[in-house]
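Next up: the structures, one after another.
Look at the two complexes coming up: chain A is in both, with chain B in one and chain C in the other.
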Partner chain A sequence: MGDIPILKIGDCLLVSIQVDMHDRLALALQDDLTERIVADHARGVMIDISALEIVDSFIGRMLNNIAAMSRVLDAITVVVGMRPAVAITLVELGLSLTGVRTALNVDKGLALIRRAIDSPERDDADRYG
Partner chain B sequence: MPTDTDDTMPLRASEDVVRVRQAVRARAVGAGFSLVDQTKIVTAASEIARNTVDYGGGGTARIEVLRNGQRRGVRLTFTDQGPGIADLTLALKDGYTTGSGLGLGLSGAKRLCNEFDVRSTPGQGTVVTLARWV
Partner chain C sequence: MNDDRNTIWSLVEKHHQRLLTEWLACQQRDLRLPDSDRKADTAGLARRFLEEFRRGTASAQFDDIQAAEWQPMRELLEDLSRDRALQGFSPNETAVFVFSLKEPLFALLRREFGADADRLASETWIASRLIDELGLYTMECFAKTREEVINRQQQELLELSTPVVTLWDGILALPLIGTLDSERTQIVMESLLQRIVTSGAEIAIIDITGVPTVDTLVAQHLIKTISAARLMGADCILSGIRPQIAQTIVHLGLELNVVSKATMADALALALRRTGKVITERKQPANPEA
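Moving on to the complex of A and B:
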């Protein structure tokens, strides 16, 4: 297990990254989250990065991977709280984070997850897909 | 060009990359960088420091705060004695990687800086120098 706590709220998992992660810690979080999605039957994953001062290509890849893995496991990932300076730098770095849903804050992120879980299109696609 | 501070730090493991990021941040703040400028140089430092550890087999990071008239800048020099880069033009292309990354390290870091230089000799190592001015 990594050092970053994963909280369960209803059918969602919440991670708030409060430390400057080294690469192995980021990989551990990716693995832990994937396991927890299955173990807890989670439908949504929210990752709060409001404390992160930078997102470089490694962290960006981790966010992309988590979003992709959760999608395969029938859960939706939303990244919330990105700082403006981080967003500016990410785009200049060339990282678009395609495939990662974002919301400005935790409230909006939860609403986004709720809508995605409740939307009938998604249910149909998942049930018969 | 006058130098205000000059530190050299080891880069051996991924924890060292975090330490270098934090030291670059502190120097950029000291040099009067705006939040966006700080974020850009720290992100660039993180990319190149990771390359030094992952591809160069470890090395050092030198952090200098420079003064050029009214302007202040932070210059970073990453040195390793690793295998070197066989094809620099290719290595600087977006999306090119010999590892498992996204291939944005060198090219992305270059976009985040005002000055960028890579010197590499296959079999002897790589020196990446980058600078950002405010």
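Moving on to the complex of A and C:
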């Protein structure tokens, strides 16, 4: 069982989760990711979950945690590639991942991070105004 | 005993043609079949019915039409009632087809046993019960077919009333019409998310102009749809909120947590602004050739 690879794209980090998550793996990922954000001066983190067919409350909480940690380190977290069935299940479970930003795919996720870095205030104001 | 009980069969066997003619005359009188097409149709059905009736009564099994001997008759009646339900016959017309056999059959019995009152009464009773059963079975099939039609229409309505419209590149609209129950929400959600995946849209406008009332349950369904779209990376804008509904939402203390606009036009303007597009009036007077 290897670790989850973290890829660097410009000043963003890409994490693609393709195996079943469990406690130890999640903790290892959080360790690795926070270290890489600091080491690479990353401004954005993309978590690709397009390979996951089942997302439960555990993974939901992990995504929220990673987003909170990245925010402290001044990086924006975007969850990308969620499947429709997964989205419906999460909503039915009452987990709408309010602390996390989302995008349809890596492309759009990258664009979202770029936009948010360029004009953080405007983006937020536009989103909720 | 067998011969005794099988009077009806022997009578039908003997007077087959006459019974058919009289029966058709009764139907013609009761239903006033308008066109010759239907008349020929009914005559054909009546002939088949009488054939199966003869075969069924041959078994002397008068009490239970669920018996194996009546199997072809039941199939005939199922076909008949299904066809009639689909063609839009009234229940009355369908029932009369079977029940009108009573008149010629009873007349036949009277001619045969006119002198023997006891015999006449008992035979009439047997024949009456049998035809009643057949008639009721027909009606049951008829109602069942109608129910199927209604269910199918309901399903079609469900699909028709939840279209996802592409308003602009990257902007989807979801005009909701009718009350949102959980079943519809499920379908709305699925079709919206599927379209988000295929079109890559980042903004979805949910228009609730056609939703008659918004209570806590409907709001809950809306929130679910909005959250699911957000998880797929699409932001939702709620539009078409009527003044009464705005008041209801506040009175119920509902928090929708979404950008909302009064009209679809406002929502589209905001969506275009977010995707970096503007709509402006043309400064030059319109060129007639353009």
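The definition used in the following text is that the second predicted complex is superposed on the first by the 118 of 129 C-alpha atoms of A that agree within 3 Å, B and C clash if a C-alpha of one lies under 4 Å from a C-alpha of the other, contacts with A are read in each partner's own complex, and residues count from 1 in each chain.
Basically, contacts are C-beta pairs under 8 Å (C-beta built on N, C-alpha and C of every residue); 3 or more make two chains touch, one makes a residue touch a chain.
Not measured: the values here are computed from a predicted model.
Of the two partner chains placed around the shared chain by superposition, chain C is the only one that A:T102 touches, whereas chain B remains out of contact. In the superposition on chain A, contact is made by A:I88 with both chain B and chain C. Touching of chain A by both chain B and chain C, each in its own complex, is seen for residues 84, 86, 88, 92.
Looking at the complex, you find that chain A touches chain B at residues 20-24, 53-58, 60-61, 83-86, 88-89, 92-95.
Here chain C touches chain A in the complex through residues 186, 189-190, 193-194, 196-197, 200, 202, 224, 227-235, 259, 273-274, going by the rule given at the top.
By the touch criterion stated above, chain A contacts chain C in their complex at residues 79-80, 82, 84, 86-88, 90-92, 96-97, 102-105, 108-109, 112, 126-129. Across the complex, chain B meets chain A through its residues 13-15, 17-18, 21-22, 25, 35-36, 38-40, 42-43, 46-47, 50, 94, 101-102, 104-105, 107-109, 111-112.
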